[in-house]
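Letters A, B, C, D and E name the chains as they come in the text, with residue numbers starting at 1 for each one.
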Amino acid sequence: MTDPVIKAERLDLTFETNDGPVQALSDVNLTINKGDFVSFIGPSGCGKTTFLRAIAALEKPTGGSITVNGVSPDEARQARAYGYVFQAAGLYPWRTISGNIKLPLEIMGFSKAEQEERVGRVLELVDLAGFGKKFPWQLSGGMQQRASIARALAFDADILLMDEPFGALDEIVRDHLNEQLLELWARTEKTIGFVTHSIPEAVYLSTKIVVMSPRPGRITDVIESTLPKERPLDIRDTPEFLEIAHRVREGLRAGHAYD
Amino acid sequence: MTDPVIKAERLDLTFETNDGPVQALSDVNLTINKGDFVSFIGPSGCGKTTFLRAIAALEKPTGGSITVNGVSPDEARQARAYGYVFQAAGLYPWRTISGNIKLPLEIMGFSKAEQEERVGRVLELVDLAGFGKKFPWQLSGGMQQRASIARALAFDADILLMDEPFGALDEIVRDHLNEQLLELWARTEKTIGFVTHSIPEAVYLSTKIVVMSPRPGRITDVIESTLPKERPLDIRDTPEFLEIAHRVREGLRAGHAYD
Amino acid sequence: MRSIVPVLTVVAGIIAIWYGAAIVMNQQWTRDQAERAGVELQLSDIVVDTLSQERPKLPVPHQVAAELWKTTVEKKITSKRSLIYHGWITLSATLLGFAIGTGAGILLAVGIVHNRAMDMSVMPWAIASQTIPILAIAPMIIVVLNSVGVQGLIPKAIISAYLSFFPVVVGMVKGLRSPDAMQLDLLKTYGANKGQSFWKLRLPSSMPYLFTSLKVGIAASLVGAIVGELPTGAIRGLGARMLSGSYYGQTIQIWSALIAAAVLAALLVGIVGLIQRITLKRMGMTR
Amino acid sequence: ADDVTLQLKWVTQAQFAGYYVALEKGFYEEEDLNVTIKPGGPDIAPSQVVAGGGADVVIDWMPSALAAREKGLPLVNIAQPFKSSGMMLTCRAETGITSPADFPGKTLGVWFFGNEYPFLSWMSQLGIPTDGSEGGVTVLKQGFNVDPLLQKQADCVSTMTYNEYWQVIDAGLAPDDLVTFKYEDQGVATLEDGLYVLENKLSDAAFADQMVRFVRASMKGWKYAEENSDEAAEIVLEYDETGAQTEKHQKRMMGEIAKLTAGSNGALDPADYERTVASLMSGGSDPVITKAPEGAWTHAITDAALK
Amino acid sequence: MTWLIFALVFWALAFFANVRIANSGHSTALWARLFVPVLFGVTILVVWEGVVRGLGVPSVILPPPSAIWAQITQSVPTLWMDFVQTFIKGALTGYLMGCGAAFAVAVLIDRSPFLQRGLLPVGNFIAALPIIGTAPILVMWFGFDWHSKAAVVVVMVFFPMLVNTVQGLAASDTMQRDLMKTYSASYWQTLLKLRLPAAMPFVFNGLKISTTLALIGAIVAEFFGSPIKGMGFRISTEVGRLGLDMVWAEIAVAAVAGSAFYGLVAAIEKGVTFWHPSQRS
C-alpha cells in the first residue's frame, strides 16, 4: 500500500484570460498511494477540477511537477490508466446510452460480446437497465450523470478520477451508489480521486480527505481516515465518523469569507 | 395566502421516443398558493424537471389541465411571470458572465444604469463579484451554476422555478445561499418551486414539500411544513425539523427499489 | 409533403410576377415593331404580343413550359434535341465530379485538421485556388489533359470537382473542429489515438456541417459540369444547350435549359437533404 | 488509315460544311484518312489546341494566326478554302450612321478572343481611336449573339454575312432598318477560315502527305457542298449534337458560304495574303503585327493536292 | 533536366522545413504562420518553373512564373484598371447585395414556417441556376457594364449564404431557447440575442465561401459581354491572342485579391465567433 501512484510537487497552474491571469493552483504538494481513496473537498472555484484535470494530463501545470505511476501524466494516459467522470455528464448526443458506454470499450478494443456484457452490467449497476436505447436528451439530468458514471466504470482503469459524480442524485440513490463504489474499490484495489461537496460522503468513502482553500487553490489540510476499510452505512453515526466530519467542516469553513 | 397561483389537475405527460412512449407524469394534482415555497423531491428521473417545465409552458401536457394565476402557463409566460434556473447552467458562450445576467434585463427593457446596478448586486449575492468579465468556459462548474442563479434573480419574477440550483455547491456556500433565498422570499412574497435532492435543504426552505415516486411520476405525499416562517440555520437541529425530514425520507424510500 | 401548399403558393406568386415582368420587359420591342410598321397599338395588343414573341427579352412561363414539354416528353430520350438526353450527359459529369470533389474535400479537411503543417500551408492555397476563374483555366486543363490522352467525361468531371471541393473543405474543417473541449477531453482520458477520435467524435459531430456543405457542393458540381462543357466544344449537355441558345438569341431555349438545370440541381440538393435527414435522425440529432 | 484531328473555329454549322460533307460522303475514307472533327466554341482558341497537341490541323482566321506566329507559335497556312471575307459591321439605320465618318461617338460591338484584329486595323486605318479617348468610338465586347443591337445597347455590331446578319433579320428587323459595312467593300478584308498546322510538323514527310490527302478531300467536300447546297446543310444538321441548329438557318447559311468559297480552289492567293499583312501592319501606333512574317504560308500542300 | 532536379530537391527541402516549423513550438508565432504558407507557395512556383523549363512546355500552354512576373510589373496600370472594374465595382457590390439579400431572406422566411417551406425549395431552385445560363440573360437585362456582373454575383452567392444562414438560425440548443421562452422574449429579442449569435459560425461559413464565388462570378460574367476592360475581359481576350503571360498575370491578381478578401472575412469571423470551440483551441 505504499507505492506512490500520483505525486504532485510544488504544483502551480495559472490560466491566462482576457482580463488577466487566474491562478487556479498554487504550491500543491500531494502523494497518493496505490489503493488510496482520496476525496477533494473545498469551496466552489478553488481548483478541484483543475487538479483532477492536471492528473489526467488535460491541463499543463505552469510550475512544479506531477508524476503518475512514476511517469508523466501524458504517458500514463497513453497507457490507459484513467477512468474519468466529468463534472457535467458530457454524453455524445449522437450515440444512445449504450453507445456512449461502449465508446471507451470500442477504443480499447474489447470484443463485441464483451462490450455487450459490460454495458449490461454497468447499466444495471447505476440502475439504468432498460434505458440503453435512449438518446441522452431523452434522460433526466440525474440519469445522464449516472450514464456517465457507468461509462467510466465499464472498463478497468487503475485510476478512477470522479468530479462530483453524485451531485445530481437523491440521497437514496446516492447512498446506494456510495456502497457500490466502496465495494468496487475494495474488490479491485483501484486508486480513486473523488471530488465532492458533501462532507458525509467524503468521510464515508475516503482513506484520505484533501481540503482545499479558495483561489489560489492550496491544500489546507490532508486528513487520513481512521475508519476501518469495511464500512456499513451506519458507520456514519459513530463518534469517530462525526469527529472526522467535524474536522473537515472546520477546514472548509476556514476557507470561506462568510460568518 | 390562499389565491391559487399554480393549479394542476389530473396532469398527464407522455414523451414519444424512438423506442416507445415514456410516461413522465401521471395523474398529478397539486395546488400552489401565492407566497408558497414548494420543494419537489423524488428519485432521479421521476419527472420533477418535467413538471417544472410544464408549469413554465416549456412542455405541453398530454392530459389534464394546468393554470397559472388563473390563466394558461403560456399566457402567464407572456406576462413574464417566471424566473427559471435550469438544471444545467446554460450560459451563452458568447456573452461574459455580466452579459449573461444582463440578458433578461435587456429583454425586459431595464435602463442601462439599472442593469449595471442589478448585475452588481446579484453577482455580490452569489459571491461572484470580480468575475463579471469572464466568459462561461473560464469558470468552474459551481461558479457557472451560481451565475445562472444570479441571472434568474436579477429581475423580479413573481414565480421562481429552480431546478436543483445548489447541486454543485459545497455545504457552506449552500447554507449561505439558502439563507439568502429565504430572506429574498420573505421580503418579496414570491412563489417558489424548488427541485432538490437534499432532504434537509427541502425541509429547511419549504412551506410545502412534494414527494414524487418514480416513473410514471406521481405525487406520493405532500407535506405542509409546520416550521415558522423565521428560520435560523440552527432550526435544523430541532425535533420538529427532524420529524419532517424523517417523513420525507420515508416517502422517498418507498419509491425506491433497493432494500 | 406538408410543403406542397406553401411551395405552390410561392410558385404561383413568382409566376404572376414573371408574367408582369415579361409584359414590361418585352413591350419595348413590341412598340418598336409597331412603329416601324406604322400601326397604332391598343393595350390589349401589347399584352398579347409580349406574351408570344419568338425571341422575347423574357420568355413567359407558358412558352418555357411548352418548350420543356416539347423537348422532354415529345422527343425520344436518345434524340439530341431531348433535354433528358442532354441532362443525362451533364448529370453524369456532375456526379463523377461531385464524388471526386467531395472525396478530395473531405481528405483535405482531415489532413488540415490533423496535421499542423497542412493546416498552415494548404488552407491559404486552397482559398487562392478558388479565386482562379475556372472558365479561364478550363481550356488549359482540357488541352493539358488532352495531351496526356484524357478525354470525354473526365475533364468535365475534374472541373466540376474543382468547384465542389472547396465548400466541402471549408465546412468540414469547421465541422471536424466543432467538438467542444469536454468531448475531446473525454477521449484523451481514454488515451484514444487520432484515428479513434476522428471516427468516434470528430466525424459524427461534423455531420451537420458536412451536409450543409454537400448541398452547396452538389450545386457547385452541377455548375462546374456545365462550365466544363464549354471548352470541350459544348457539343452535348445542358451547358451546350444554353450556349447555343444564347448564340442564336433563342431566349426560350436558354430558359428551358436553365429551368432543366435548376430542376436537376433541386433534385440533387433534395436527395442530399433527404440523406441528411435520415442520417441525422438515425444519429439522434434531430428532435 | 491515318488519324487526323481537325479543330473547328466555331460550333458545328454550315460555315464548315465542306469538312462534314467530306466526312459524310467518304471522301476522307477514299484518301485513307480517319478524320475526327472537333467543334469549337467561344472558349476554344484553335491555335492553343494545336499547340497543345489536341489537333493536327485547325481552322483559324489569318490575323489571329499571324499574331500567334509573332507570339512564337509557328502556324503555317496550308490551304485557304475561303476566298472572300464575310465579316461586316451592321448598324441600325435610325442611329443616322451612313458612312464610317459617322462612327465617332457611337458604340460598336466587337468580337474579341482573337477576332478583333480586323476591326482594330480598320479603325486605325480610319484614324478613329478605340481606347475611349475623345473623338473615338466606344467599343463593347460583344457576347455570342446580336442582342446588343436588338436591345439598343450598341449602335452597330459585328456580324457575318452568313450568320449573325440573318439573326438580326429573323429577330424582326428589315434590311431597310439596317446599314451594313462589309470589310470586303471597305477594302480592309482579311483572310478568314484557312487551314493551319505547326511548321515543324510539315518537315515530317508522312504528316505532309496526310495533309495533302486531307486538303484534297476537304476541297472535294467544299465543291460538293457549293453545288449541293441544301444537301450539305442537311449533313451539317446531322452532325450537330446540340440539336440547336435549324434547317432554315443552315440552308441559308450554306448559300452565303458558297459565295465566299466560290473563288478558291484551296490554294492561298499570295496577293490576298499580302493585302491581309499590309492591313494588319498599317495599324499606326498599335499594329497587330509589327513585321512582315516569314514562311507563314506554303503552297507545298495545295500544289501536291491539286495537281 | 537540371531544372527538374533542382525543382524536386527544392520541393523536398521545403517540405521538411515546413513540417519542422509546424510541429515545433513556434507554430503559433506570427512569423511561422506567415512563413509556412509562403514557403509552400514559393515551392509551388519553383516546381512550376522547373517543370515548365525542364520539360520545355510551350509558353502558349503554360508560361513560367518568371515570365508572368515580368508581365505583371509591365502592366500595372492595366491590371489596376481591370481590378477596379471587376473586383471593386462588380464583385464587391454584388457580394454585399447578394449576401445581404440572402441573409435578409433567411431571417424573413425563418419567421414564417409557411414561407420557409415554400420559399426554401424555390430559393434553392432559383439560386442553382448555372452562371452560363444566367450571365447572358443578365447582361441582356442590365447592360454591358459592371451592373450585370454584380447581378450575376448576387445570383451566385445567394444560395450558399441562404443555406448557411437558415442552418445557423436553427443552431441554438434547446435549453438556450427555453431560457428565452421563460423570459417571454419577443421574436426579435430571441433573434438578436440568441439565434443570430449562435448562427454566426454558419453565417461566416457562407460569407467565406461567397468571397471566392463572387470573384469567380464577376470574372466569368465578363465573358458574356463587357466593356473593353475588366479581368474577365482581359483573360478571355488574351487567351484568344495567346497572351498567356497576361492571362496568368490577371489570375495572379485575382488570387491575391481573392485571398485577401477571404482573409479579411476570416479575421472578422475570428473576432465575432471567438467563443466557438473551433476558434478556441
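Rule of thumb we're sticking to: a contact is a pair of C-beta atoms (placed from the backbone, for glycine too) under 8 Å apart; a residue touches a chain by one contact, two chains touch by 3 or more.
None of the values given here were measured: they were computed from a predicted structure.
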If a chain touches subunit D and subunit E alike, it appears here: C
Given subunit A and subunit E, the chains that contact each of them: B, C
Any idea which two chains share the most contacting C-beta pairs? C-E
Need the most distant chain from subunit B, centre defined as the mean of C-alpha atoms. D
Per the C-alpha centroid definition, the whole-Å distance linking subunit A and subunit D comes out as 84
Taking each chain's mean CA coordinate, subunit C and subunit E are separated, in whole Å, by 17
Report the inter-chain centroid distance for subunit B and subunit E in whole angstrom, where each centroid is the mean of the CA atoms. 50
What residues in subunit B touch two or more of the other chains? 18, 88, 135, 137
By residue number and range, which residues of subunit D touch two or more other chains? 42-43, 45, 48, 51-52, 143-145, 147, 151
Using the touch rule from the top of the page, what residues of subunit C touch 2 or more other chains? 57, 135, 139-140, 143-144, 181, 230, 243, 246, 284, 287
Touching pairs of chains, which are they? A-B, A-C, B-E, C-D, C-E, D-E
Complex contact set, residues of subunit E against subunit C: 18-19, 21-23, 27, 32-33, 36-37, 39-41, 44, 61-62, 114-119, 121-122, 124-134, 136-137, 140-141, 159-160, 163-164, 167, 174, 201-202, 205, 208-209, 212, 215-216, 219-220, 223-224, 231-232, 235-236, 239, 247, 250-251, 254-259, 261-263, 276-278, 280-281
Note which residues of subunit B are touching subunit A in the complex, please. 15, 17-19, 22, 41-46, 48-50, 87-88, 127, 133-135, 138-143, 146, 163-164, 167-174, 176, 197-199, 249, 252-253, 256-258
Per the touch rule, the subunit C residues reaching subunit D in their complex are 29, 33, 36, 54-55, 57, 79-82, 86, 135, 138-140, 142-144, 146-147, 230-231, 233-236, 240-241, 243-250, 253
So in the complex, the part of subunit B that touches subunit E is made up of which residues? 53, 56-58, 77-80, 82-84, 86, 88, 90, 92-95, 103-104, 106-108, 135, 137, 161
Subunit E residues touching subunit D in their complex are 58-61, 136, 139-140, 143-144, 222-228, 233, 236-237, 239-243
